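Got a structure for you, written out below as structure tokens; questions coming shortly.
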Amino acid sequence: MSKGVAITGMGIISAIGNNVAENYQSLILGKKGISRVSKIKTNHVNDIMVGEIDFTNEALEQQLGLTSDNNYSRTALLGAVAAKQAIQDAGITDINAYKTGLISATSVGGMDMTERYYYDYLEDKSTQKYIEGHHAGDSTQKIAEQLGIEKSLVTTISTACSSAANSIMLGARLIKSGQLDRVIVGGTDCLSKFTINGFKTLMILSDTYSTPFDENRKGLNLGEAAAFLVLESDKVVQAENKKVLAYVKGYGNANDAYHQTASSENGDGATLAMQKALDIAGYNPEDIDYVNAHGTATGNNDLSEGRAIIRVFGENVPDFSSTKAYTGHTLAAAGAIEAVYSILALQNNIIYPNLNFKTQMKEFNITPQLELKEKPLQSVMSNSFGFGGNCSTVIFSKEQ
Amino acid sequence: MKNVYINSIASISAQKTLDNTSFLDAIEDYETNVLPVINPNYKEYIPPAAARRMAKGIKMGVVASKIAIQESGLDNVDAIITGTGMGCVRDSEKFVSAIIDNDEQYLTPTSFIQSTHNTVGGQIALELQCKGYNFTYVHASTSFESTLIDAKLQLELDEEKNILIGGVDELGEHTTEIQKLVHLVKAEAVKTSEVLDSKTKGAVFGEGANFFVLSNEKQATTYAEVVAIKTYNTLAETEVLQEAIHFLNASNLNIEDVDVLILGNNGDVDFDAFYTTLAEGFKNTQQASYKHLCGEFNTASSFGFWLASKVLKTQTLPEVVKTNNTDTTSFKTILLYNQYRGENHSFTLLKQC
Amino acid sequence: MDALKQELKENLIEQLNLEDMTIADIADDDMLFGDGLGLDSIDALELIVMLDKSYGIKLTDPKEGRSIFESINTMAAYITENRSK
């Protein structure tokens, strides 16, 4: 049970880049990917800003070499692109050479096509191919097919905005217990009218650039993205002489049990998740060098999370920042996007600035990191919290 | 490693399964292609203030979880893991149609919130005030089996002691209508007693909630031991029998050790061959099926898990589920097999305690 | 004003699914949130949509709702003053 969980590859597509290198460049240059929505026709176009990926569905289909009769949702397309990058990055040529599983995360699933053809399905036969693509597991099945994963454990987690963090957690546990040698973990969510309008009804969408941890924050920007990591056991790492990018060192999931959507005032669930992750890692709070916060820039999250961070770290809160001002909140994918960013932080000994911050929050005196900072990093904590009180923390480290 | 036990069960289905003291004594005979559950009196279990915003799937999940926890004798559990293929699909339909019909105006948050797949697990946690681990799996016909894999992992390693798991899915009107168009749902109404031999395209669709408390401590209420569980994203029809044998061998068992083979066949002429191929390899074994009773849905296999638990505890196999007759009277080991439309296969192995 | 209050109570029961309540159960000065009727932040969002749809009043900040939705009395007063339909 003291087995290490090595990360040997990663792939990502987001509003700030179509691969790992592009994402890293944007992060260190402070280049955000937030704009008015262009690919979805919505009445709210002037009321919201989003993190949209440039590629059209057709362009993504072409990249994947799909024929025109495919029934991929945008969620599946983005996921397949990111997962393929991860496999390539890990130098995997024969996916079934080891017991390999896939755990993906999504909240939107095939909703982009469902909302487009909802009534058309009844009249227009040509649209009906998307009916079976609605359910959340469909995108995962397609990613598995794209990767060539067969006869194996393939599943999907949907716990709202903590989903991908949870897929990393399950993947790590499956490797530690010896059930699998290799697991591809991550998440994917595309933008949809469904989520735009849903978050709009909750009145937590900002009409301008989101400002995490700022006193005058007005809400979040939605984003679309996908990211996947390749997790491998010590056995595979040794046998294949693999280069290890970082290790999954700790993880914790807890439920706030407070409200259907809102986080508790003092961040009970978030506190528990961070503490559990530290326990699993065998770390003390001072072992964490940087916290990549959930930091959605809603009034509720940033207050609750900030308080939880103070509860866990006391007087010595490490450098922390939210990268959501770059990408928007990518919902079920966020945990995987920010896992990639956390690993890049470790590899480059860099802490990203928390963009758009102007005014200190009055409820506490902790301030996010505002400038790009170089500093030797050993361990990074990444938080992801979601509706239904779902709170998750993953710790990435250079040490096994 | 610790053993994993099923310490309590609860089922809301199209049959009278709510009362754990009975076991498919009186069968509800339907003639339909869409099979809703027999609703419990939700008010008995959920205070009106909490119930008023709950989708049917949430209500079914909350009631089933309460019954399961009560039977286990616990006040609370350490973790909650739910599986659902489609989530609260009626609210998703409500929200999508409202977006289209009202041109994105006057939308309210409730149906959006309930469309989030983990809303059932979240609401159960709220009701129980359970701050522990809370996961939701949404992977088609292995959504429930994923909860089982996860819970078993934690209980074997003694990370948790008692975990509530469950599968829940609800029927939605629009979804059923479009599923009929692509022959997922049968075009014609079929009698319950004839579903399995209907030999037409699609399945009779159903809904339901089946919840269980799993524990690594055996107790008086214990139904069975969960020996093994395995899922496969793909499996060819020709590989199913061989894979079943591998699966049994991994637990040091052979075909002859299986007392009952419980299959998830649903009468879909295009995909039942997976089951008949496997069944041929188990010719001398007692076989049973259940989807004519509860309908097909992504987490219908949780009803099969419920059935197997009941058989092992009561040592009876109701006539209505038997698909052959071997005069088996002692039920020690049960193998379950399920798949949906040739994908997401699972084997589950349960043993009498 | 009394007709409006009556209408508000009916809408409240219907919109918020207060199945077990009748108009007679809601007094004009009952606290709607917290210890009173027990409504919560999601109900407040539902009520904001009701203001928009039925009375043409748009609130942009959910915090504004707190004082408006205190009771049937405060809601009726606010609507009377600000309604556009």
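By written order: A, B and C. Residues from 1 in each chain.
Here, a residue touches a chain if its C-beta (ideal position, glycine included) is under 8 Å from a C-beta of that chain, and two chains touch if they have at least 3 such contacts.
Everything numeric in this text was worked out from a predicted model, so none of it was measured.
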item	value
Most widely separated chain from chain B, with each centre as the mean of CA atoms	C
Winner on C-beta contact pairs when A-C is weighed against A-B	A-B
Whole-Å gap separating chain A and chain C, where each centre is the average of the chain's CA atoms	38
Inter-chain centre distance, chain A versus chain B - centres from mean C-alpha coordinates, in Å	30
Touching two or more other chains - residue numbers and ranges from chain C	42, 45, 49
Residues of chain B whose C-beta touches two or more other chains	107-109, 113
Set of chain A residues in contact with two or more other chains	201-202, 259-261
Chain A contact footprint on chain B (complex, rising order)	80, 85-87, 92, 95-97, 99-100, 103-105, 107-109, 112-113, 115-119, 121-123, 125-126, 128-140, 142-143, 146, 149-150, 153, 156-157, 174-175, 177-179, 181-182, 184, 230-235, 239, 243, 298, 343-344
Partner chain A, residues of chain C touching it in the complex	40-42, 45, 48-49, 60-62
Complex interface listing, chain C residues touching chain B	15-20, 38, 42, 45-46, 49, 52-53
Residues of chain A defined as touching chain C within the complex	201-203, 259-262
Interface residues, chain A side, partner chain B - complex	1, 42-44, 102, 106-107, 109, 111, 114-115, 118-119, 121-122, 128, 131-132, 134-138, 140-141, 144, 149-160, 166, 170, 173-174, 177, 179, 193-194, 197-198, 200-202, 253-261, 268-269, 272, 386-390
